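Mind having a look at this structure? Questions to follow.
All chains are identified by letter, namely A, B, C and D, in their written order; residue positions are counted from 1 within each chain.
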Amino acid sequence: MIIVTRKGVTQDQLDHIRERVEALGLRTHVSSGEHRTIIGCLGDEGILQNIPLLSLPGVETVHEVLKPYKLASKDFAADPTRVQLGAVEIGGADVVVIAGPCSVEGRDMLGATARRVKQAGARALRGGAFKPRTSPYSFRGMGEDGLKLLAEVRAETGLPVVTEVMDTREVDLVAAYADVLQIGARNMQNYALLMEVGRLRRPVLLKRGMAATVKDLLLAAEYVMSQGNTNVILCERGIRTFETATRNTFDLAAIPVLKRETHLPVVADPSHAGGRRDLVAPLAFAAVAAGADGLMIEVHPDPETATSDGDQSLDFAEFDSLMEQLGLFAHAAGRGLAGAEVAAG
Amino acid sequence: MIIVTRKGVTQDQLDHIRERVEALGLRTHVSSGEHRTIIGCLGDEGILQNIPLLSLPGVETVHEVLKPYKLASKDFAADPTRVQLGAVEIGGADVVVIAGPCSVEGRDMLGATARRVKQAGARALRGGAFKPRTSPYSFRGMGEDGLKLLAEVRAETGLPVVTEVMDTREVDLVAAYADVLQIGARNMQNYALLMEVGRLRRPVLLKRGMAATVKDLLLAAEYVMSQGNTNVILCERGIRTFETATRNTFDLAAIPVLKRETHLPVVADPSHAGGRRDLVAPLAFAAVAAGADGLMIEVHPDPETATSDGDQSLDFAEFDSLMEQLGLFAHAAGRGLAGAEVAAG
Amino acid sequence: MIIVTRKGVTQDQLDHIRERVEALGLRTHVSSGEHRTIIGCLGDEGILQNIPLLSLPGVETVHEVLKPYKLASKDFAADPTRVQLGAVEIGGADVVVIAGPCSVEGRDMLGATARRVKQAGARALRGGAFKPRTSPYSFRGMGEDGLKLLAEVRAETGLPVVTEVMDTREVDLVAAYADVLQIGARNMQNYALLMEVGRLRRPVLLKRGMAATVKDLLLAAEYVMSQGNTNVILCERGIRTFETATRNTFDLAAIPVLKRETHLPVVADPSHAGGRRDLVAPLAFAAVAAGADGLMIEVHPDPETATSDGDQSLDFAEFDSLMEQLGLFAHAAGRGLAGAEVAAG
Amino acid sequence: MIIVTRKGVTQDQLDHIRERVEALGLRTHVSSGEHRTIIGCLGDEGILQNIPLLSLPGVETVHEVLKPYKLASKDFAADPTRVQLGAVEIGGADVVVIAGPCSVEGRDMLGATARRVKQAGARALRGGAFKPRTSPYSFRGMGEDGLKLLAEVRAETGLPVVTEVMDTREVDLVAAYADVLQIGARNMQNYALLMEVGRLRRPVLLKRGMAATVKDLLLAAEYVMSQGNTNVILCERGIRTFETATRNTFDLAAIPVLKRETHLPVVADPSHAGGRRDLVAPLAFAAVAAGADGLMIEVHPDPETATSDGDQSLDFAEFDSLMEQLGLFAHAAGRGLAGAEVAAG
């Protein structure tokens, strides 16, 4: 932490600031310039986060030197973390595609979707049983019945299941069925929930909140990891900005920034980012071009009858066509497409 | 809902769109212009929210006509809702100030703060026992021990208690002690939590999320109200924008916009909005000038030792001085300041 | 400037960084912590702004210590700058109201508006002769004919004239008629224009750009001042955010932040910030409560026939009523309302 | 335009609204629902843009049906516009790369850069002679001397020149040297400048403003086109959001959205979007994957000595390596890389 003092700071104020910092076990280092005095604080910066440095008389600004996350940082683990997802790994050499309907609506549609996306090269199945909806009057999912259908379809197809959990009281229930526990964007800073999924060892797919910086996302991951669960997959899905031409603004640059900052795998969700069917393919290609380890894509047998997110769901033919071209982009990025051989076979 | 079709839409596409809408029990009304055809959908618009209209062939854009919230809307209740808070009402003629420390840190500091803010004219006590913190390594509150201290200090001072609940599993626990259940900005779209506090009849203070529009905030209130609890107080506390000079961007205009859209009372939190001590007073005055029904302000006996939010907490003298001037602004706004007579007495 | 180096920075890299900085005449001060090495750069920080410090090997982040603006800073002039506007001063004890139509549409409407706003207490007349419009197909103003009408009405009423200039080629023309040259939000970073109005000594009213931080606004003022013209009035008029309930998001906190950072006077434009008639009064009151030195308000004899911004223009009765209540808020803020005596007289 | 009236609108208000609209030569079409009455306005919507519909009594909201831009719209020209850039076309089958230093700093560095980027496959040279800088104390370019150097290097290498113009008074001067006139992000809504470059027939590269929506960008293009110059290239270069990990937030989805809305070519500027060297390649690859027609990339012989934007400039080896991989992404996108054969030859 670096403390910059106000013009005209007094010696008493400087002494007081140093005392407060040194009382916490850190060392201080003072540089006096013509205009400002700077106090460098050396040692465990985390301790200082609980001190309201700006409220000390004479302090003008405070600059963080160290990242506030540790376990999520590249300093902690230089090698990429690979999260096991059934037979494949996310974070390894190959790009992994997770596909399926926004909501589980029934056995037939789920089975048909799973078979088709598997055939096209997807290696995991997504599908919501508990759905966060902006309006309380919208369909909120099938609940446990939906989880059971996901498990049945996994048994049939072999595809591991990614599904959302929204309530601390339901974590064990969802974990009884799911291979990956998804934390939605709206719950990215629901710390009780983060700690609860951190208790388990089941992989967690953590979606970036609509107002979350990259740093906030990594701190949310840190919450999960601080409980012992290091199987965290980060997901860029768009942030909220003034632009209304798309549902969210896909922050593509977050992908390489995350790859530089953390050892955790990074996937992208082009369906939610764009919010329109015709944007899914270009955003998916771009994400892979920028270094994403995987994609999460909404697919529905008949999007116009979908109970949620039909506007952004691909139909089977559209998904087939996306997957075909996606292999070329993965190749250009120096990677394979996990499951591509299945598609070819 | 109004559906605008693409240039060159076919008669078959138009028929298909109308059939889909009419099958849900709505009537349609078609206007054909030179460039576009418009289909007005008359009836219960809520039903259409589950239909992916944009995915129907030939559809270009869809415009909502009705507000997606009902119970929170002025159409539902023309008169302002007044929420009882101990001896005073929020949403009535007088401006109500809620004050206290960010976190409950101990019996002495809490008691001293409560006595002093009461004397200065505050009519309710705030204080966090469960704290949402961006980093898992920050102080996260005293938990139930903090709740007990809040109840003790209420018994002593008569000030009703406003405190945050973060976990569905803790709603009953917090409700056993608190007069008002606060939902923090990070949980504004934690729908499980909203529904859980909606089950009770205890007043809920709902803080606006950092990426939430006014409409989103009203839909979050609708979640609570749809469970039967209509005692909802809305709180503007700043949104996230590109500006870094303040912790958040205080969206002052949201106050009059909310007063126009809803019958629910609206308070402001100038402490979190500005994030710096010196901004609390100007933001508080402005909020009252713009029509806020109340304020929520962080006060600490010794801000520089606060375990959280010390940078933005007022000390006692600063709070006294704020309250003194606040009466003038309330008066200019044609209102009284609840408790001002106490302060004067 | 403080340079933080990467973990594992080499001695050669450290030496190279120091050499680069010292070659520019600054001194360096190195503090080595356990995790990072920090290089404080002491001396004229402005010189370093032209050096791509982030591109030097081993550099992780760079923190500015000094504000990049000088003439606009409180360090430069501790006393508030007062800008003369006809018979009144902006930046002094009294709150000053500038009012008038968005666009000059003709002699009659302009004269009628000027007489009425003067009677209600406004002390300057606004009115656009050159209008920046988002669409090339919208009305773009009367040009020089509009300027002539403004001058005529000034002669009649004594109200000084505030009007926008949009083109470097028209600065002398507009200055021949206007008392204050307004730079619109869209031109806040039109540096050629800023320098051109900086050449003159005519007061400049500089509106904040829609994506401009407070720092950017002060740097834009610095452009004008660096040419010798220190008569700059800053204007908060809303920034662009995700919120669509208002035309822009009125960043109220920018007012006290600016009052802390600069000696220049600060006014607010509640008409553009809210974009709707019913929001003008609450935003105006709030701005004064937060410390604004003045207000700029759109008034039109018959808003529904206005050629621009009719949605946000007050009619005469609305403006009268706003001015009446405004005096109370100015008083609560410890100030007078310039011209209030005229209104009373 | 669709007008939605308030609950309880009176027949007189409805009649008045219809009269106002019909007086302008449009037809109206009224649909009365249970909750709201909707008035569809059929005919030339542009006329209504000058009418403050929201200010008419009884009006609640107004929805645009038609796009406010015409010449820039796909309705106007179904086939993609191809803009000639020396020997190549932007907007055709091949992806075109424009590269060069941020600022022209001298003959040697410019010549060396031009030769090298040409060899690596770039087909046009960028370089600023007039530089918009946030601070008035930063280097602002060599002016006409810089233009002369650009022309000399074009004569030597055959690379057409893209350079910025910032002042209406300098348009003819810049056009005397440049092949493409660049309008910077800060001047995207400098309407006087847009109209001035619209007078010429020289291609214009129009960068998106930091707070500009896609619609705003297209309206800015419309300004240029409305003067007769249809040779407009649009450039996505990042928008301003709350994220501070990158200089701007690269709005990748704007690329496919623009390709859907307009016939004009679209390029991306990954250097400004990311603001850091290590982000240039992933953003460039992503832009091409998403459908960009070209890229504009900053390259400098020795970035750490650059007078501007050194942090985000590639050195020669980095640019070579980017170009090599870029061909694979262009191929994956079904396109070639203009000049690739030169590089190979």
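The rule is short, and it goes like this: a contact is a pair of C-beta atoms (placed from the backbone, for glycine too) under 8 Å apart; a residue touches a chain by one contact, two chains touch by 3 or more.
Because the structure is a prediction, the values reported are computed rather than measured.
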| item | value |
| --- | --- |
| Those chains which touch subunit C and also touch subunit B | A, D |
| Touching both subunit C and subunit D (chains) | A, B |
| Length of the line joining the C-alpha centres of subunit A and subunit B, rounded to whole Å | 27 |
| Intercentroid distance (Cα basis), subunit C paired with subunit A, Å | 39 |
| Gap in Å, rounded to a whole number, between the CA centres of subunit D and subunit A | 31 |
| Subunit C: positions in contact with at least two other chains | 211, 239-242, 244 |
| In the complex, subunit A residues that touch subunit D | 211, 213-215, 239, 241-246, 249-257, 260, 273-274, 278-279, 282-283, 285-291, 325, 328-329, 331-333 |
| For the subunit C and subunit D complex, residues of the former touching the latter | 20, 46, 49-56, 68-69, 132-140, 166-170, 186-187, 189-193, 195, 209-211, 216, 219, 222-223, 226, 239-240, 276-277, 303-304, 306-311, 313 |
| For the subunit D and subunit B complex, residues of the former touching the latter | 2, 4, 7, 29, 31-36, 38, 40, 42-43, 63, 65-66, 75, 240-242, 244 |
